[in-house]
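Both complexes shown next keep subunit A, but they swap its partner, so subunit B is in the first and subunit C is in the second.
Now for the complex of A and B:
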């Protein structure tokens, strides 16, 4: 009973904040009030989530919270319900979402401190909406509610990417993110329709083998996976994620690194009973995930914008998660989601701190910041180590688990790609660290200042989790009913060595003495072509071409057809009537003799008819 | 709690002639206006607002008084008009009627406020508006086919004057193979738009009359009562031609392709409140007619032609969306999006499944709210910018943050964002389509929703986002005073009915469950 209340509290407190802020303008235009309300509401959610999770993890086994209300009627029955559902799967994700959201919101108070008050008010209102939708997604009792919230987090993403709406590029990026993910979401909608027709509901717990044939499961899982590819930025629909970096950096940390993009992975985790019936889809997941992991890692190496490096790194890490889930191991993918949320949020927040100091995203404008900003520097290094899978950090445990699962499942090619990607990850993160923190300071870096405590505190909390998150390892395993203790394996050793060599290569290549040229300029002409190819340009060009050449042309063609063919035919009929009327009018000559002739003529005709018919 | 409250209120409300009130209030208001001097514009406006407020409150009361457990047609009353022909003024309301009465009440009330700023001939404007809405309310509560048609015409005809007198003209470039026509017809002018709209709808009416007469005669020439006609099993021969006649006749008003072209010109030329009512409510009369008269009375005919109705609806969805994408005039975008969204209604109707029908009626409701909001907003923008030409716009959110916010809300409902009313309707329709024999309709519908996302958000970005507006746009501002009413009312309604759809959907479901079996079980073989 108390747990029911806690669950409702966790979900509804951000909703109340959002509704209040959206409707009551006098509160919203005061940035501080808006921030306080949103942060307060998210804190409530966090406390409730922690209490709920503590009763379901670490060996405790509280019963699931399951509250549902009728939402849609259909044929005098209930077609769909909404509610809250907390089980051992949902509980950790709730904590992750509430925790990272809270950290980011607190950080934003400092990061956006110089923004006008009413803009900050709007910003925090969007954040409240996001916290509600994301928690609603995690706590959904059925897949339809998950989809509803899935779209709502997409809305929050659109609004937050477009936060600097006067910038044309921000507007473009917001639209692109919405269009691409919305296109992919058609898969989820279709999948839900198939699921409904086959099982009569929107539940993920379908009776195995009875209601759902394998072929149906393949269809449903395949359609769901399409939506995952869009939302979790897998190749080739990853193109919106780098552009989404137009949003404020804390937004990138929360939505486009830690939580929202991971919603796709969470969907797979939630709908795992269905995915497990679909071996083909699982195999596709392994290969596409591993490919994305490697591809995005290559692209990340060539980025000069620190946020773009991290964005492609997010694609890459999401690829790991998707591949892991494809091996049939829910734990490894889900665990990596959790640890990734901590260290990637940390990395984005430290990047934001650097950007805040030099007022530029470019790695060229950084350099030598170690001297000015030691705390941020340390935090950046911690995050990078965790991302690179340095032993005993959170990323080490989760990545190791994924590689092991790939090995066990016998997917050797994806395993190789994943190990290679791990090396590249270590390399590009070392590059970021070396270029931003060390070497000769740029002009902008001369005037850099350390960020205020309100920004540092959330980062410290995330850094602790990025270091210690690996300890949750055993508990995640227990969630899936497997007793797994960590052990050293050959593949783990190999991956760690590859990671070390990546770090070493990066240290050597970007050491202050050697950094004569960086980024895209350090390469020769063939390498530049490779850069262009790998910077996902062709995919972008393809989609842009499809939009301009196919969609806009079709639109122009149909509009022309409508105006000048269909509408003109209707006008033609009007014209014909008018012209016809003019002709007929000539019958009325106004000459009495004409009328007499007509009368006599008519009389003759009628008489003749009378005679002949009689 | 809610149920107890409504249960207590129901007997009290049952003593009131609610259906008569809802129909008569605007008409009495219109008659009162005849006696008001033109020099007192405030009195005119207050009468307009009060009359629509009475109807709106009465429509809420009808919803409370309607007993969902009992279902069927309730609050019936009868008054003989022409006993020799069996024409009676018999009123009554079912679940669909309840939902559409509420919609009409909301839109009319918002429209009355949005017309506050009409400068020329304000009295006549309100008079026409009130007469028009009398017809709309009348259609939703009529149980007599003849009276139904009478009200239908009352609703359609004032549109000619409303657009012709208070509308705005816009020139259309002459091009295409039929260029010579441009010389004779004043294409794009407001008189042209008014004439086209009226003539096209009247041709539709002629088809309706023909089908109506045939049904009356085959049913024994004794009564136009819908309940009587429902009991009659019409011959297959009649059904096979009468249903398409009704579909095209009523469908013209619902904007079915290719008889939709009155809609973009008409809506673009019409003044704010008229666009709101016309796109918001009047187009629904057409769809309501197809479902309530065409499908329910002629179930076998409907079954035979379902493939065509749904196929054309699919064309509507995609064609309207693409055509909207290419428009540069703001009102044309909204007008073509109405063509696309009415396609969703017709698609739902053609699926002949519970979810499809629920979705179709709910889409009438949701689209009414949304498009009412849109046209109210467009009216405000046009009033201040004196332009509807999107390429000239940009950065308006700086000076019109609330208009931008409400516009975005409308867009989001239009593209079917969950949490807003449009999603519920589209989801149910697509689900119904997937369950129907023509699953591909659902895919067309999904694609249409995606294309909608493209063109509405693109328009939003072009109008409101980007660098702050230049010197040209110094006069634009956020709404003031009475201008707020329509925005807040319709905006909040979109959210409320999207978050708690059962408020309306429960009513719709009652009637769907009662009437669908007639169509779903239509026994074509027996009649053959």
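Now for the complex of A and C:
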């Protein structure tokens, strides 16, 4: 009972904040009030989530919270329900979502401190909506509610990416994110339709006795996976993610660490019983995930914009998760989702801190910041180590688990790609650290100063989790029903050595003494060609061409049909209605005697009908 | 001893009439208070009526009203209780939304209005459980007679006087009082004819069945041409009350002329009562004549859908438009009734059809009440505030036409949003409550085997969007400029009217988002 209330509290407090802020304009235009409301509501969610999770992890086994309200009645049984559902799978994700959202919100108070109060108010209202949508997604008792919240998450991210709405590029980026993810969302919608037709419900636990046929499961899982590819930015639908960096940096931290992109992976985790019935889709996931992991890591090496490095890094890490889930190991992918949320949020926030100091995203404009911003520097290094999988950090445990699962499942090619990507990850993060923190300071970096405490505090919290998050590994293993303590494996050793060599190579290549030329010039011409090919450009061009040639032409055809056929029919019916109305109107004379005649006439007609049919 | 006991046997189970008793005492009590009060503004009587209706509404939830009373002439079941809630709820909102308007029209005589309203509600609640022809007709007339007076009540106000035909003679400004009088008179004339028709049909039923009790009639009625005539008369007589075409002629004229908060009440409560009477007669003692009466109902449905939807299109006066749209809505209510009467035990057994018609009717009536009252209250809010202060008093608040809604969105965003919600619900757009009502009715009718009627109703519903969305278009897409080029002022709504609109909007949206529990309750009330 207490848990029921906690679950409702966790979900509804951001909703209340969002509704209040959207409806009551005087509160919304005051940035401080809006921030206080949103942060307060998210704190409530976090406390409730932690309490709920604590009772379901670390060996404790509280019963699931399952509150459902009949939403759409349909025939004999209820068509759909809405409610809150907290089981050992949902609980950790709730904590991750609430925690990262809270950190980002607190950080934003400092980061956006110079923005007009009105805009900040709007920003925090979006945040409240986002927190509600994401928690609703995580706590969904069925896939239909998950879908509704999935779309709300998409809407909130679209609003947040386009926060700087006066900037045309921000508007375009928001539109692109919307367009690509919407396209992918069709997969989820169609998958749900097939699921409903085949099972008569939206449950991820297919009822025993009416198990799905494999072919149906493949169809559903395949359609769901299409949605995941879009939402979690897997190749080739990753194109929206780098552009989405147009939003404020804390937004990038929120969207690309804990939440929006994680929604895709979480969908797989939730619908895992269905995915387990679809071996083909699982295999595709392994290969596509591993490919994305390697491909995005390569692209990340060549980026000069610190946020784009992190964006491609997110693609890469999501590739790991998808590949891990494809091996049939739900826990390894889910665990990496959790640890990645901590250190990637940390990295984005530190990047934001650097950007805040030098007013530029470019690594060229940074350098030598170590002297000016030691706390941020330490935090950046911690985040980078965790991402690189440095031993005993959170990333080490989760990445190692994934590699082990790949080996175990016998996917050697994807395993090789993943290990190579791990080396590249270590390399590009070392590059970021060396270029931004060390060497000769650029002109902008001369005037840099450390961020305020309100921005540092959330980062410190995330850094602690990035270091210590690995301790949760035993707990995630228990979720899968195995009591596994961590053990050293050959593949783990190899990956760690590759990671070390990546770090070493980066330290050597970008040591302050050798930094004569930075940026893309440091690579040779063939490498640059490779960059161009692998960067998102060709994919962008392909999609743009597809959009112009296929979609716009189809749209033109439909428009013609609409204008000359549909509109004509509608106009015809409208004309008929109006003419008919004119005729009927003459009957409404306003004379009471005529009204009485109508009653009598109607009675005669009815009687005649009655006698006729009797 | 036993003689005494027999004498009081008729009072067994009388406690299920507690709510009706409360209403009767309330109406008479308010009359006494009215008489005892010193002359002046008697607004407080309105508050009293509100409080008592609220109490009665709460009592339908807290008291156990199920059982049989008056020696079987009165039955309290889920259906009766659901209907009572609709009637009392409509009365409550009718009083709440009309507090200001009533005080404005006749400050000294408002007591009469509330007494009449309570009497009418009492008639309806009695009707809901009547299982006896006499009780049914008497309560029906108890409901109807106050309505005639209330329709004309808008004409009693203290209006500025103007020169009479003879030099030196003055008379009230004609412009203001003649319309409510016309409204009341037309309602009365057509109502009287219809009552005569229904009463004649009922007397035939009595003559053929030899009893006034439904339980007896169900076994003694056997059919024949006279009974067919009786069924036709009963259907025609009650079709008047629900305003189904071709018995709808009074609807637009009365709606246009009577005071708007009264029309909000008139457009829902008596219609629900008409349906309650039809359900009790047609699904009760006349269930054996289903083959006959379903044919008649189909005729009414087709004509109502056609006339209502087509006639609503060219209306410029929103109250007339809502009147015609109400005719079309009644077509939907009759479709639910048709579904209830057409699903036989054989269908249930052989085709697995769920006999949901009655449940859909109950849900539809509740949904229609919420959205339609809300729409009329929005009209009242706009019209009452729409006049310009410079105009002479006798030309005020006559303006219920579409142009007064122009640009309401920029003048009063919250009111426009509420109005939009109500018209969307009436138009059957998801996710307002009206959508679920229409969908459910159509589904149950489809299951009952009237596919062609479903297609026709869906198509005409789509045509109906034309006039509903015209209001939305006027509110959201037009500049807030009046016909004479002046900028229209912001609409300020306050007091009871505001509260009524807010509550109704919340219900429209809330039940629209979560229809499940209410639908389930309707199903239980219908005995499923």
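We take it that the second predicted complex is superposed on the first by the 545 of 614 C-alpha atoms of A that agree within 3 Å, B and C clash if a C-alpha of one lies under 4 Å from a C-alpha of the other, contacts with A are read in each partner's own complex, and residues count from 1 in each chain.
Going forward, a contact is a pair of C-beta atoms (placed from the backbone, for glycine too) under 8 Å apart; a residue touches a chain by one contact, two chains touch by 3 or more.
Small disclaimer: the values here were computed from a predicted structure and weren't measured.
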Would you sort A:613 into first (subunit B), second (subunit C), both or neither based on which partner it touches?
-> second
Given the touch rule stated above, what does A:574 touch, subunit B (first), subunit C (second), both, or neither?
-> both
Go through the superposed model and pick first if A:148 touches only subunit B, second if only subunit C, both, or neither.
-> first
Would you sort A:175 into first (subunit B), second (subunit C), both or neither based on which partner it touches?
-> first
Subunit A: partner with more touched residues, subunit B or subunit C = B
Subunit B versus subunit C as contact partner of A:215, first or second or both or neither | neither
Should A:24 be classified as contacting the first partner (subunit B), the second (subunit C), both, or neither?
-> neither
Report for A:464: first if it touches subunit B alone, second if subunit C alone, otherwise both or neither.
-> neither
Touch check for A:588: first (subunit B), second (subunit C), both, or neither?
-> second
In the overlay, answer first, second, both or neither for which of subunit B and subunit C A:72 touches.
-> both
Touching subunit B and also subunit C: which subunit A residues?
-> 70-73, 75-76, 574, 578
Spell out the residues on subunit A that touch subunit C in their complex, using ranges where they run on.
-> 69-73, 75-76, 78, 81-82, 573-574, 577-578, 580-582, 584-585, 588, 590, 592, 594-596, 598-603, 605-607, 609-611, 613-614
Subunit B to subunit A touching residues, read off their complex = 172, 175-178, 181, 184-185, 187, 196, 199-200, 258, 261, 265, 319, 322-327, 354-355, 358, 395, 397-398, 412, 415, 417-419, 423-424, 427-428, 430-431, 434-435, 442-443, 446-447, 449-451, 453-455, 457-458, 461, 464-468, 501-502, 505-506, 509-510, 512-513
Interface residues, subunit C side, partner subunit A - complex | 185-186, 189-190, 193-194, 197, 223, 225, 228-229, 231-233, 235-236, 239-240, 246-247, 249-250, 252-253, 291-293, 295-296, 299-300, 306-307, 309-311, 313-314, 354, 463, 466, 514-517, 519-520
In the complex formed with subunit B, which residues of subunit A make contact?
-> 70-76, 79, 147-149, 151-152, 155, 158, 162, 165-166, 168, 170-172, 174-175, 178-179, 182-183, 186, 189-190, 193-194, 196-197, 551-552, 554-556, 558-560, 562-572, 574-575, 578-579
